[in-house]
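What follows are several structures.
Shared chain: chain A. Partners: chain B in the first complex, chain C in the second.
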Partner chain A sequence: MALGERDPHTGHMTTGHEWNGITELNTPVPRPVYFFLAATFTFAVIYWVLMPAWPLWSTYTKGLLGASDRNALTESLQQAAAAREVWTKRIESEDYATVQADPGLMQSVRDSGRTLFTDNCAVCHGGKATGGPGYPNLTGASWLWGGSPEMVAETLRVGINSGHPEARTSQMLAFGRDQMLSRADVENVTTYVQSLSKPAMSKNADTKSPAAGTKAFETNCISCHGENGKGNPELGAPDLTDHFWIYGGDRQSIYTSIFNGRQGFMPSWEDRLSPLERKILTLYVLDLGPGPK
Partner chain B sequence: MVSQLTRNERQLALVILSALALCGLAMAAIGRDDLIGGHGAFILLASLGMGFVVTSGYYHAEPSDERLAHYYDDPSKVGIVLAMIWVVFGLFIGDWVAWLLVYPEMTFDGGWASFGRLRPIHTTAVIFGFGGNALIATSFHVLQRTSRARLPDQLSPWFVLLGYNLFCLLAVTGYSMGLTQSKEYAEPEWYADIWLVIVWVTYFVLYLRTLARRKEPHIYVANWYYMAFILVVAVLHIVNNLAVPVSIAHAKSYSLFSGVQDAMTQWWYGHNAVAFFLTAGFLGMMYYYLPKKAGRPIFSYRMSIISFWGITFMYMWAGSHHLHYTALPQWVQTLGVTFSVMLLVPSWASAGNALLTLNGAWHKVRDDATLRFMMVAAIFYGLSTFEGSFMAIRPVNALSHYTDWTVGHVHAGALGWVALITFGSFYSVVPWLWKRERMYSAKLVELHFWLALAGTIIYVFAMWNSGIIQGLMWRTYNDSGTLAYSFVDSLIAMRPYYIARAIGGLLFLIGAAVGFYNIWMTARGALEESPTNADRPAAVPVAARTIEAGE
Partner chain C sequence: MFGLHYKLERNTIGFALAVIVVAGIGGFVEIAPLFTVDETVEEAPNMRVYTPLELAGRNIYIREGCYACHSQMIRTLRDEVERYGPYSLAVESKYDHPMLWGSKRTGPDIARLGGKYSDQWHVAHLNNPRDVVPESIMPSYAYLGRAELKANDLGLHLKAMRAVGVPYTDEMIANATSDTYGQAMPDSTFSSGLSKRYGDKTTVRDFDGVAGQVTEMDALVAYLQILGKLTDAAYSPVAKAED
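For the complex of A and B:
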């Protein structure tokens, strides 16, 4: 096909070339194509004139609008911070009790605290702060290291066994594995510990009397957990008489805790979150539960 | 295969395989304390295996000169089968990771099953395994037809095809062991990259050699696109993968670029991989198989010129739109926005050219799912290029970036455009290559079409919804002036869409499996008797039949 042919369907000529049966029409480019090409090119040129656009040797064309991402960002961050200062300044300066008594401030704590909590704390403590195996429930009344706002804030700041120089440190020894107690003693102490939170246990002696574990408990456990098993927030030793269990309150879990020991971990948030954010989080988690008894 | 090689080619093949085996042996020996050793052993075994094949056929009779009277299509046939294997595998892994996002605990406590390792296996298997093999296979077919010239020799097409698949295998096996240079779509480590350069340069030279021997005075549009694809991918691949290995005995390497320069180089590569691998190459495919199957001339040669040069010139500048609102200087972002917007018209001109070519053949589109695959592909091409330019505008990007909208956009292009145009082309070329009257089953082509279309639409709509919800949640402030939602909140909101996406992906996967079966049966020579065949009044005279074959 040396010369173009007319395509009967469209009435246009072909270009006169043919490749394995394929031909091409010489249809003129439809006008809208030129129009939109011109429109997009005009858009681009206007954009270049107004905004930073083309590189020069050691700088770039700044654009007529003088727009700068960096300045715009700094400015909008400052504006947002200024808008928040209405309540953040008060939370920063006022003491916990005053903030807790102010419904308006507490609303801001709940607004901002929820996001802070789910972004930072929920990985371990759960989205609803109810904890899970190995991670304490924060909505209950049981606080390992004390449930006053100051204590909670301090735990947040330094963490637990975190490597922070002032970190809260504690360890439950592996009484069974390290052979401080015989297997039988661990069994007995387990029964005794179970009976502390379930008084009914002492009556129906399914295995042995809880009393069998008393002696071992007294020699080994009371230094941290106290004579009555009520725990000690100074040492981060949990209360064994309530219904809150970090590692589980069933027989097997308690046995495992005594036999292998436990050592919890919570990161220090001092370098990660600002004092304001930590204060908001403290108020937020305390607001979730019934508060310290 | 070996009997088609001349004696000289058999000798050369053995030399190449011996060299490769030695490289593999050296890697296995020097790198025995590193993961590179495993890959060395793999290369050694692969080249020994191929060496065995060549040796066992070494004394077969040489092919006669009669072979030069026919196009050399066997590499295309094997390439098509390999592409179909890769697509079924790649889509399977893709759907797996889609379900993994619904059930994140589904990792079997194994590193290999983590999202970070499976995801690049999916992307590499579908883009490079499927897309790459499809491009190589169809480019050989189109190149020979539109040049009226046979491939110059028998060895180099096999070297390109099999060498390329070796690269793909090194890539995906590497990821599952944790080998990656952490560059999206350029994850394979340095030794695999070097191998790909060798293969790719051979591919380019093979293309040029064939083109130089063409009997047509002009080079057809499809070849412009295939050439742009091969040439630019070579440039992109080499520059973005410039790296210094820790040592010759280690798989790990460090990029020559760092910081924002590294990011810019990576997205210059990444965006142009979309442009020249996933767009230009497949436009080449479209420009041949669509007019061929429709039996219509290309709507406008002039539009082809505008779109080709528009696309090749503008795309190069657009990569920075992947880095809006980052450390990348604002002026680079401006160029990314403006060139992305200017890119729209040339892109739409291509899509329009394809759709307008169908004028006068719409009844065929209605009746023939093969042509419908290509028609819908052109529509998705238009949709996703519009979406791409739109998302490149900074305020839009502020909402869409880092969300599932991007994922939806990519899949509108990858499923709707790349995969559909490929399936349409395969269903055209398979009967021609294997000299069959038609595909094994037209009904299965139809079924595949609807599964693929439904899967794509479910996928894309799910991701649009998910992405926009996600983007809005991330930027919503409460009355106190702090963010209203945490990241986990947005994940919970996305879960229903993740389920929908995984179902859409599953439909697409089933469609591809049906397609593979259909192609396999066609290659084996089976023809499914449709009940209407038996019910025909009289056979149509052979002479009256339209010959569709690409011969």
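For the complex of A and C:
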């Protein structure tokens, strides 16, 4: 090793490199650098002992602290569940009417229900649960499959036309497309159906008389929608006399529904949401509307 | 102590090689064990492969850059598990080449989207997201419903997947194109062998609601409806955790 000579000014050695008479000082590494190097090495060794670190072919050193993201998650989920237990236990064990009568519990239902609803239901039924074309309004007490808490909870569990083995199944036939009714009959039934929710129409001289559609309605529609068009929650047949329309209540929409038929779809939530979460959601949506009278 | 170093740093090539060796040791110790440590990838013996239609949908998902705004990775964090479901396991991406975990969520995570909403909802949402989610900033993908799906080369896609380890059989590769049509056209003659080849749970539906043609919309919706449903491996550890 050809080190140079000692530099008279600083007392340090030179490296032996020389460029036109200029030499390079070989100043020793400052002490703090060695200190930090030693400190970080020490930290690393302690970390190896405490935390998961070294691979051992098919396994690895687990560390003395037993740290694991998955266990930490499990623990935080348990802690959260325990913190909520004060009210979740009561919601789980008590029946719907008792919970609905308890303002404190209903406040918890509203708080947690809003999050559940936004995460799972809002994309179809809307952020305010007022529905949209093809998706029922949940605030109007107009329930396809019954508005009692038990019925709503069951719809949530199994879904509608969802493929769940116990799913609620229902279909509006394509009366026009499948040629069960002539176009003229579809027109007439459309007028009749419109008049069900607008009694004033029958007196309006400009529109065709709704009576023309009565016969076709009686032969084709009342088996599901009932004699007076009030619907049937056992079959998921909507009430035609109220002001809630899933696919629109204007003439064209009603005509399309009768001509092409409809088949809605509500997913089954049994695999995705726990019984408690479904109960909270049931209470939450019932709380949004006027509720069963 | 510095003797070797003095020699080494005067030799450019030798010093460069030494840097590579030292960095290589770090890489080896960090990466190589992932192939030998048992816990890296979990077991999922009943996991099924993507059907050709779903694979085509996946290719469209990649082509349209969906991964830039949607992740497919639920992390081990309480808020994510409570919102999206059980955290993602490595094995769930076993047949994903390339994986689409993503690193940015402008939209929500969709690792467990399959079955959450109806086909009609997906079509309406892809046509114009604002129709169903007023506050959405997602672009419209209505043109997917007008584009006929290119299905005649899907056998080659399956073959490429097999080359990187996805267990497609010769029969699957040979029937890829007809299986594609079969899955999106229920009651057609093409559907016959599909569930035999890919399992009884394979969904055969007219995904885009327009009968008689198979569009890119069919493929993308078929893919979105299978997300998180190739295996239920993720549900066992979490079920244990909730006890």
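As a working rule, the second predicted complex is superposed on the first by the 220 of 293 C-alpha atoms of A that agree within 3 Å, B and C clash if a C-alpha of one lies under 4 Å from a C-alpha of the other, contacts with A are read in each partner's own complex, and residues count from 1 in each chain.
The definition used in the following text is that a contact is a pair of C-beta atoms (placed from the backbone, for glycine too) under 8 Å apart; a residue touches a chain by one contact, two chains touch by 3 or more.
Fair warning: this is a prediction, and the values are worked out from it, not measured in the lab.
Visitor: Which partner does A:S76 reach: the first (chain B), the second (chain C), both, or neither?
Guide: Only chain C is touched by A:S76; chain B is not.
Visitor: According to the stated criteria, A:A44 is in contact with first (chain B), second (chain C), both, or neither; which is it?
Guide: It touches chain B, and chain C stays clear.
Visitor: With both complexes superposed on chain A, which partner does A:G66 reach: first (chain B), second (chain C), both or neither?
Guide: neither
Visitor: Look at A:G21 in the shared chain and tell me whether it touches chain B only, chain C only, both, or neither; answer first, second, both or neither.
Guide: first
Visitor: First (chain B), second (chain C), both or neither: which does A:D119 touch?
Guide: Touch partners of A:D119: chain B and chain C.
Visitor: For A:G248, is the partner it touches chain B (first), chain C (second), both, or none of the two (neither)?
Guide: The answer is neither, since A:G248 touches no partner chain.
Visitor: Given the touch rule stated above, what does A:P55 touch, chain B (first), chain C (second), both, or neither?
Guide: In the superposed model, A:P55 contacts both chain B and chain C.
Visitor: Would you check which partner chain A:P290 touches, where first means chain B only, second means chain C only, and both and neither mean what they say?
Guide: It touches nothing on chain B or chain C.
Visitor: Chain A residues in contact: does chain B have more, or chain C?
Guide: B
Visitor: Based on the superposed arrangement, let me know which partner A:R272 touches: chain B (first), chain C (second), both, or neither?
Guide: Only chain C; A:R272 stays clear of chain B.
Visitor: Please identify the positions on chain A that touch both chain B and chain C, taking each partner from its own complex.
Guide: 55, 60, 69, 80, 119, 122, 127
Visitor: Where on chain A is chain B touching in the complex?
Guide: Answer in residue numbers: 7, 9-10, 14-15, 17, 19-30, 33, 36-37, 40-41, 43-44, 47-48, 51-55, 60-61, 63, 67-69, 80, 83-84, 87, 107-108, 111-112, 114-115, 117-119, 122, 127.
Visitor: For a test of understanding, state which residues of chain A touch chain C in their complex under the given definition.
Guide: Chain A reaches chain C through residues 1, 55, 57-60, 69-70, 72-74, 76-78, 80-81, 119-120, 122-124, 126-127, 132-135, 265-267, 271-272, 274.
Visitor: For the complex, which residues does chain B have touching chain A?
Guide: For this pair, the touching residues of chain B are 145-146, 148, 216-218, 220-221, 288, 291-292, 296-304, 306, 325, 329-331, 333-335, 337-339, 341-342, 344-346, 348-349, 352, 359-360, 478-489, 550.
Visitor: For chain C, which residues count as touching chain A in their complex?
Guide: 3, 6, 29, 32-33, 36-39, 76-78, 81-83, 85, 87, 115-121, 124-125, 131-135, 237, 241-242
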